[in-house]
Amino acid sequence: MISQNEDFDHAPWDVGGGSDDDKLHEECGIFGVLGVRDAAATAALGLHALQHRGQEAVGITSFDGQEFYSRKGIGHVAANFSNISAIAELPGTMAAGHVRYSTTGGAGLRNVQPLFADLASGGFAIAHNGNISNAMFLKRDLVRKGAIFQSTSDTEVIIHLVATSRYPTLLDRFVDALRLVEGAYSLICMTPLGMIACRDPLGIRPLVMGKMGDAIVFASETVALDVVGADFVREIEPGELVQVDLDGNLSSHHPFGKTDARPCIFEHVYFSRPDSLMGGRSVYQVRKEIGAQLAIESPADADLVIPVPDSGVPAALGYAQASGIPFELGIIRSHYVGRTFIQPSDGARNADVKRKHNANRALVAGKRIVLIDDSIVRGTTSMKIVQMMRDAGASEVHFRVASPPTEHSCFYGVDTPERSKLLAARMDVKAMAEFIHADSLAFVSIDGLYRAVGEAQRNSARPQYCDACFSGEYPTRLTDLADRENPDQLSFPVDKVA
Amino acid sequence: MISQNEDFDHAPWDVGGGSDDDKLHEECGIFGVLGVRDAAATAALGLHALQHRGQEAVGITSFDGQEFYSRKGIGHVAANFSNISAIAELPGTMAAGHVRYSTTGGAGLRNVQPLFADLASGGFAIAHNGNISNAMFLKRDLVRKGAIFQSTSDTEVIIHLVATSRYPTLLDRFVDALRLVEGAYSLICMTPLGMIACRDPLGIRPLVMGKMGDAIVFASETVALDVVGADFVREIEPGELVQVDLDGNLSSHHPFGKTDARPCIFEHVYFSRPDSLMGGRSVYQVRKEIGAQLAIESPADADLVIPVPDSGVPAALGYAQASGIPFELGIIRSHYVGRTFIQPSDGARNADVKRKHNANRALVAGKRIVLIDDSIVRGTTSMKIVQMMRDAGASEVHFRVASPPTEHSCFYGVDTPERSKLLAARMDVKAMAEFIHADSLAFVSIDGLYRAVGEAQRNSARPQYCDACFSGEYPTRLTDLADRENPDQLSFPVDKVA
Amino acid sequence: MISQNEDFDHAPWDVGGGSDDDKLHEECGIFGVLGVRDAAATAALGLHALQHRGQEAVGITSFDGQEFYSRKGIGHVAANFSNISAIAELPGTMAAGHVRYSTTGGAGLRNVQPLFADLASGGFAIAHNGNISNAMFLKRDLVRKGAIFQSTSDTEVIIHLVATSRYPTLLDRFVDALRLVEGAYSLICMTPLGMIACRDPLGIRPLVMGKMGDAIVFASETVALDVVGADFVREIEPGELVQVDLDGNLSSHHPFGKTDARPCIFEHVYFSRPDSLMGGRSVYQVRKEIGAQLAIESPADADLVIPVPDSGVPAALGYAQASGIPFELGIIRSHYVGRTFIQPSDGARNADVKRKHNANRALVAGKRIVLIDDSIVRGTTSMKIVQMMRDAGASEVHFRVASPPTEHSCFYGVDTPERSKLLAARMDVKAMAEFIHADSLAFVSIDGLYRAVGEAQRNSARPQYCDACFSGEYPTRLTDLADRENPDQLSFPVDKVA
Amino acid sequence: MISQNEDFDHAPWDVGGGSDDDKLHEECGIFGVLGVRDAAATAALGLHALQHRGQEAVGITSFDGQEFYSRKGIGHVAANFSNISAIAELPGTMAAGHVRYSTTGGAGLRNVQPLFADLASGGFAIAHNGNISNAMFLKRDLVRKGAIFQSTSDTEVIIHLVATSRYPTLLDRFVDALRLVEGAYSLICMTPLGMIACRDPLGIRPLVMGKMGDAIVFASETVALDVVGADFVREIEPGELVQVDLDGNLSSHHPFGKTDARPCIFEHVYFSRPDSLMGGRSVYQVRKEIGAQLAIESPADADLVIPVPDSGVPAALGYAQASGIPFELGIIRSHYVGRTFIQPSDGARNADVKRKHNANRALVAGKRIVLIDDSIVRGTTSMKIVQMMRDAGASEVHFRVASPPTEHSCFYGVDTPERSKLLAARMDVKAMAEFIHADSLAFVSIDGLYRAVGEAQRNSARPQYCDACFSGEYPTRLTDLADRENPDQLSFPVDKVA
């Protein structure tokens, strides 16, 4: 593979919140709008509202009826698209954009989406949230036929499949391409004729539609609709393809027939903003309900309920209200997270945790506390936070987790450490409690989690959600993974690009 | 005045939290350490913990026993001092630094502190939190005698007074200089002989001392001690000057005699981090107590208590606990504030508020809510937030403010709009309620505030705090202000530098 | 077409010599080396020696036996490849590079060569000097079959033709591709098996081979061999393809049969460095000989022979020696050309010319002078220089040009203004003399030029050189040009990418 | 001393001509203009014409009748002042600027001139060409009295002397300051009342005055007048101070009485542009005359006269014309000098010389050549160039130098290596010839040099020029040098700033 050293600015792109190493990371957020005067300005605002879904890079492509325009940058939306000249480079009434967490495929702007190609039918732009689990398999075949890839992104496979399809219309070629693709995808595409939004047959990754006057908006989460001032219309259905022409006329297609949905349950636990609606439910209320379930399943005899901010706050409120134990801010989170500092050689044990989270010492000293966090991934941060509470004088620390143990990797667009790094894959709950040095540790049960999202319980024959990170039950084939694990069964030699 | 267009990078320095236009802003935080191996690394960490006191620029000066080294930058500590090469430029076991909000004096690194000068006695570095209220008066006199100013910072006056003092020792020259100075100052200075920390006779701005093994630490707030791993020793007393030599020997001086303290009460309301101790009290507990006082003084018949995040959270918890009304997160704050975006011409009413604060619509719809904020400055943001709650379906909005009405400007190092822009200087509470469109509005009383900080009530004969922003009673002379208002009484002509 | 706003640094890339707006510009220089330890460092040095062939962008690709590495930049070789870290990014014993004048296809690094693609056979890099005159025709067909272009460079057509060829070996696929291509090309390609250098059947653009110990070097001009310390071996023949494997074994191929050469004669007039050998002759001596021909054909009764520096110097020496009139530096050229300055509104007539070329006033005052320049393109600079000589007191100005009138555009890789901008296409010599305000004006004859390169005269039946810019006789078909001029005869609709 | 790490762009500032390590370097050029609409644009153009006098940094200060504006940058004028926004930052009809070679005092913009200070009398800007030879002595005294220095530039001493002078008018204070100063200085100053230009009593460094309509222009050389379109009026006399008020009224002062001039003779040899007039003579003609003197004093039996370009060209023409040996370009100079490249580990002997100067091999092979250069400093480059000629086949190489042996350091504003590095201080001419491997070597005699500038011979009792670099006879006291060499005789202790 070629190492492209594009000379982009190494701007201080990780200044600001959230680069938390011990969390799972959603890899992308997407946003599209058609029918407003400054579509790119609206897209910038919408992507800013989705910034929590990807902080490493951002791109917007617009169309002014004649040409496509594209601008990409490393870092936050605000750092790249808040000035007037950036927006002025993106004229037109149709625009789509993408925020991205992953650095898969190496640094460089060429992997930043939307991807664009000049096809025989005209320009084609695509923004993708998810992960194609047979991308390497498909790429090998395409390259053998003469396709030249620009990026190392799995998304580019879709473009080449569209470009080489023999069907006459673009929509047919697009569906033809998707039939070959396996995995998770929510897509927003643009062509000279309009916008296409679609979701994979299982609806693993979210995608919603809104309206702003006559304009149509698509976004990963409803919070983006709120921020741009659009009204929520409905979710795109699993396996649905919605086409909007330049006059705003919509048509809905179900090229794969009707399928049973398996949306990602972790969106409710952590990825989505609490002020979004997901699957018809308030994410905030679901998280409070998970906290309430935890309080019922795993009570603690304590003086204070303390969230690990900010993601643990709603569950902690739910736990506090259900248990009657007062909710207090025992950990203060800095607004200025930024990069890791040089650790001074003297003093400052765990300075790197403390500069993000500091104990509210006067509050916790001498108290028995219940700490609430949304999940435990590697466990290293949890261990340090428990220690910080003890150093601040807490007499007992009971740790409660608002999700079941995270035992498996995700192959559908979430950045997970390899399985051997997951604490829950390495030890049982008792050992985990010892590892993080908590007086007690409990996770919400899988059925408790399903109850919080409104189900009676998990249907183990046909689970209502994708919960593979907890259960290991993956709802699709994982071709590329199988090829890696059984290389001798490959139809083609493994090329080094893979 | 010369306009220095130094070619610094206009990096995205306001990416990240907190550039909230409708708040008062503390202008500075200072930090010093003597006796650790990598003093600059410790200073960077300490300044990061004080970032909320000033986000626009940062500087650190170190001393390695032979030479002074200085590095300054525009923007956050993390953006300027987190990489190893930045710290490597600052060798030595003594270092002091400064974070700064104000752009007074124009852009450019020359106003970024610590300021440094090569005096006849050797190098002299100074970091200042506060404001000298007769700086222009003193500067005019110094310039007439041949002094050449490098910056437009009031702090530089102190250096020239030290440089031109006729006393034999540096300490005498320093005290000689401070005797001429009026206003608010907490200072950390470095000389080839060690560090000097001092606080003005009224102790208007905070300064604390800590210990980390044998090393001595000074900082604006105790949170910086926590983050670097130092133990809190005590506050520097009003009018006290603490000298530490390079071997760590301390001596305390009170060159101005004993004075009655008048520390800034707004530190408790908003400026300080909730996890700091200030005047022996937990800032978090004081804020909760203010909320409790508010609940007693100004109850509301409502379903939910909702903080304006993040500064309103402790008072809201106090109000909720005292009133029994549930505390809920009805407003979700984005972690990715950054710069102002281009407002799209269609849609998106008040997009600029929404991209920071979004209504948790599912929670507040149909509810009577109590909104808690720490203060009202111009009132523009409050108005938009009330509207956002109504748009989200709140049936009643009762606004409660955790400080008395802010009616007066601060001349002691806090960035306040001119008086005519302060909502409370323009109208009474009833009119303010109408202006922000709240169903009811109430501020905590001045005595309620004093009770929250542990006093029985405000001693109007000799107030225990500086509360000039509420009361208009300034505890010092304001020479420069008087000169500006009565220019004909000036001893010197007003020069254009002023 | 998409407008790619890649965020490269707009560094002061045109600082330094040569961005002369009133000259023809060679569009590219290429260099390759195989068999040295730091191939990229050698390539950087070689490209620096070819910098006069293209100043706007530069790229180098290397191969270390396993992977290809690429680095591209806007501006000069020295600005992009002189630091050790740049070279360190390009390991390996084989490297090829490219300097580029043209901004055809829009700004952005994606058009900077070498272009690279991962083909089924492995990596493939290509550096091209010349222009493919049926590129649009071929591209339309490729896109219809599903090819996705990364750049707007004509060179990319070759890569796609190679990728989609059905021949089994890469060499066959490469020749298969070249058979479809018309126009001018000197190419250096790299594959995992070695390097391929080739020249179009007419040998329009130059390409030479050298040796440095066991290492093989290819370059546009011999000066690059001198600078890297290689010995000149021979020119690549027109229509020849030289293959070198990783062990340094050479093989020569003539896939198009033997053809009559038509090398570009303008290389001798202006493009090449005077210290290069071209077609077996010293460029410096040829230019002196052109000056001597001029002195014979168009003598002048004058006191001084003055070159327009630097390109007019050799011809002026030849003219002076042949005529016996002293050679003097009557115009001093600044070494610091850089960008155009803001023209002050007062004073400074023609400041933009003067900051490059200033009259040596004390020398020319009162003198009759012969000015020698290599060519006249638009005539605007010539006019200003004549005026500058008159302003400096020259009593007569006789202008002599070391090439025939430039009447036609070049379609073989030289940046020419459209024909209507060429002075010689708009008026006869007499009118040109008036336009530039010279007392007399003469161009060398076409036969005089052929004599200077060693021919008896131009063979009008079968010209020995490509002299289309003077004669209008293009030695190849110009398919794309014909398509543009007769769009109704196209086999495919003209797509907007073209 | 403090190490100020100001965050300026490390732009590729040495791209472009002239950073020749084996030459003496003029340290500065200055330019001022009063009475034109866009004074800064004119100053930028004028400084560009003086770029050869200093390539490392540039600054311009302007005055619009109310305020002073300043902009400084690292690198070339074109890189810093060619865009419209840079000029727009510098409004007003009066401007002065400075180009600078030296990095004395460390990197950073604070040493870039013009220096500026707000004095009691108003703003004061100063641009200086030269060197103050008692600057350290004066600085120690000023610091003891309370002065705080902003830079490590010797020029700042003048500002502090003006600021602390007790005389009533600025002009008196300025003269009072200059009386204390020893060494070489040409100065352009700006105050709110107008511009002051002056030259030290010996007139060591040049300064000329021109007129452009009603506007007055001052510049180091006449070439800057040519380029901005001004007419040359006269040189500022040694010891003269010219004052121009804002209405353009001039007054001339000779505060030091009449003095015998000792202008720098090396300006004629190398520093000045050949198209400048210096001391009433054409620099080009003087250099040709030096070449002619050399031909008379040191003839050579040779086939070709070859200059080391570009500085050796005029002397080579003079040598050729006097000797009758043909002048030819046997060395081709690259226009693209830029930074030093990484030397490849294979091949390329002396690549660093070759990328600047390449042999015109076809010309010199088999020939006996006379090489002409302006001077020999360290001798390392001369040695490599002789070798390059031999490698190209020259049968004999006779080296002729257009100045006497450079045996002594300059303390008047020219960057010279320490004496022990000067080849002529280390060995006699015969040994030098062997060192550079020339068949013969000769320098012009000191009287030959004086003849070339129009004198009958050097007046050894009272030399007409400063020729200390050849003779060791310094025309002023060198107080700081004496203090360094005899530290026990100092009146004050040597502080570390020195």
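As written, the chains take the letters A, B, C and D, and residue 1 is the first residue of each chain.
The rule we apply is simple: a contact is a pair of C-beta atoms (placed from the backbone, for glycine too) under 8 Å apart; a residue touches a chain by one contact, two chains touch by 3 or more.
What you see is a predicted model, and the numbers here were worked out from it, not measured in a lab.
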Whole-Å distance, C-alpha centre of subunit A to that of subunit D, is 62
CA centroids of subunit A and subunit B: separation to the nearest Å works out as 37
Rounded Å distance between subunit A and subunit C, as computed from the means of their C-alpha atoms = 50
Among the residues of subunit D, pick out those that touch two or more other chains and give their numbers.
-> none
Connecting every touching chain pair, does the picture come out as line, ring, star, complete or other?
-> ring
Set of all touching chain pairs, with the criterion as stated earlier | A-B, A-C, B-D, C-D
Subunit B contacts subunit D in the complex at 1-9, 61, 67-74, 89, 109, 116-120, 123, 143-150, 159-160, 163-165, 495-497
Subunit D touches which residues of subunit C in the complex?
-> 11-12, 15-18, 36-38, 41-42, 44-45, 48-49, 51-52, 55, 75-79, 81-84, 87, 212-213, 215, 223, 226-230, 273-275, 277, 282, 284-285, 310, 313-314, 317, 321, 326-329, 332, 334-349, 351, 354-355, 358-363
